Amino acid sequence: MRFVRRAWILAWKDLTIEWRAKETLNSLFFFALLLIFLFQFALGPDRERLSAALPGLLWLGFILSGLLGLGRTFAGERDNDCWDGLRLAPGEKSAIYVGKLAGNLLLMLAVEAIFLLLFGVFFDLDLVAALPGLALVVGLGTLGLAAVGTLFAAMTAHVRARELLFPVLLLPVEVPVLLGTVKATEAVLLGEPLGSVAHWLKLLAVANVIYLTIGVLTFDVVLDG
Amino acid sequence: MKDATELLVHVAGLRKAFGATLVLDDVSLSVRAGETVALLGANGAGKTTLLRILATLARPTRGTAVIAGFDCVREPERVRERVGLVAHGTLIYEDLTAEENLRFWRVLSGGRALAADLREALAAVELEPYAGERVRSFSAGMKRRLSLARVVLARPQVLLLDEPFAGLDQRGKKWLEEYLHAFKAGGGAIVMVTHSFGRQLSVADRIAILGGGRIALDRPRPSVTADELARLYALHTEDAP
Amino acid sequence: MWFSTGSRGLTRVLGWLAALGLLAGLVLALGVAPREVSQGNVQRIMYLHVPSILTAYLAFAIVLVASLGYLVSRRQAWDRWAGSAAEIGTLFTGLTLASGSLWGKPTWGTWWTWDARLTATAVMFVTYVAYLMLRGMIDEAERRAQLAAVLGILAALNIPLVHFSVLWWRTLHQPPTLLRPVPAALAGIFRLTLGVNWVAFTLLFAYLLAKRIRVGRLSEAGLP
């Protein structure tokens, strides 16, 4: 129970500060909008071409905003000089991982919801029918991104050139998640039953279990050494 | 009430190297319950490094550091439960209020943050009127006091202080002096890194000078006059040829 | 002390064995093994390509074990093994990609195809390049060992995930040779040549690893 309370207070702290400063969320919402324009300009006015690429573009958008958002996981600690405080607070350090992960999940899901809304508007997509399946796929994929992203954010927090190293570390590891989510999203948007992509969903689930387990077991090494 | 002769801080043969640079060579120091040791030394002498090792934020290359019976390297979490560090970083989130900051650190450390306790800690550092204000609007001295409130709330057995009087005005300094005296009287031990030779040293029972990677001097404070101290300081903080 | 004549001797033996093995493998690959019917002489690149990737897998398995070993024991020797194996493994992976590309151009007409095996290998390559970049950006030996160990474990456990995801995503490549039970496509002499080259590459890897670990040990031994 103490573990949960400690994880909770950390998530509460991050969300409270974010709510007051609104730096990250606002910027990411705006970034999502800009990406929509970028995709439109890059793939031309040809609606067919864009349509075919939509599942991939959706997840490109999620990953790009994820890179920005996840990279800032410990920015608060850096700006306020509080990193040592996380280490000094006695107790299992994995509670800090879980707390930060929860905060990141909420942040990413909020940005992704906006993204989906914008996609629906700008690319004239009807997402309502696909919503339940989409929710599952987006949930699994986001967890996969955040689980590793939170760990790597801590890993690179005090390393040289961390803004460059963070995406360089995260992207290769996330290849299975990217492949799985895009394929599953494709199926969901085409109205296919989830059963047809069950193998992808299972892969995502297994990946999440692996990533979360490693995150929880090794976070104290990454934070503390 | 603690046994007045209990050894709360015990450092033996401590050595710390950063790559090829040897910062601490063979440091040994002991502090008993109710004692305060003032640690002096030139810039870069390793005072902060020693403090960080005691706080479990850094690991020694060799040697042992034991706080209240727990080894800093082998049982860091036990040590962290008993130690309070007030150093250059204030460990304060600017966008939270004073009370929220205290609540956050208290709960993260595994404790319960009852509103009454938080208020009491704020009152102890005379920040209670500002409990609901965001720290961003605080002066440097107020931030330092809030940092102390965080430590007060945790009720540590050992205080590790890095120039605690810096940034405080006269009232603040007086208040801190009184608090440290009370802390000692309650059986706590203090290791205080300081640059000043002034009246802040009155809190200290012993004076230690860190020079050449070792404790070059370790004497009871009353046995050293101000002039003698200045001379000894100059002597021990010269770099060895 | 740090370097006993024993380890230097072992390294030398490995070096000679590797040289002999490579020579034998080369002779078999270029001289003895017959020209393959459909692809011609280009197919001989397989004797470089397949052993390279197998050796890379061995290297990354060592990275996994050494990373776990470090986290459990905190002894710097494990980290030296991990870092050295990762470097050499990445090298061999690069060799695999390059030889695959050289093989592909005459055979399928393109320098690169996004088929399952090549893609998975490429992902593995960039993963470990990133691992080496992390190592390169941390100066303090102990901290570098800690973070690299965590990354090493994650990267290794990710490899099967990469393989399955890429395989389901696309399949064009030939079915894996040698590690499948009795491929009808491969006659005895081909398998012998492949086998000899595989052993030779493994010896080469062991030799390079021993040398690299020794260099790492020497460079760290200069410090207090």
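Letters A, B and C mark the chains in the order given here, with residues in each chain numbered from 1 onward.
We adopt the following convention: contacts are C-beta pairs under 8 Å (C-beta built on N, C-alpha and C of every residue); 3 or more make two chains touch, one makes a residue touch a chain.
Here the structure is a predicted model, which is why all the values come from computation and not from measurement.
At the centre of the protein atoms shown, by the Cα-centroid criterion, sits A.
Greatest Cα centroid separation from subunit A: this falls to B.
Interface comparison, A-C versus B-C: the higher number of contacting C-beta pairs is recorded for A-C. Taking each chain's centre as the average of its CA atoms, subunit A and subunit B sit 40 Å apart. Taking each chain's centre as the average of its CA atoms, subunit A and subunit C sit 32 Å apart. Between the CA-based centres of subunit B and subunit C the separation comes to 51 Å, rounded to the whole angstrom.
Across the assembly, subunit B contributes residues 59 that each touch 2 or more other chains. Residues of subunit C in contact with at least two other chains: 142. Of all residues in subunit A, those touching 2 or more other chains are 225, listed in ascending order. Within the complex, the subunit A residues that touch subunit B are 2, 5-6, 9-10, 12-13, 16-17, 20-21, 76, 79-82, 84-91, 96, 224-225. If you check the complex, the residues on subunit B that touch subunit C are 17-20, 22, 59, 61.
Interface residues of subunit A facing subunit C in the complex, by the touch rule stated above, are 148, 151, 155-156, 159-161, 165, 168-169, 171-173, 175-176, 179-180, 183, 199-200, 203, 206-207, 210-211, 214, 218, 221-222, 225. Those residues of subunit B that touch subunit A in the shared complex are 55-57, 59, 76-78, 80-81, 83, 85, 87-96, 100, 103-105, 107-110, 134.
Residue ranges of subunit C in contact with subunit B, taken from their complex: 139-142, 222-224.
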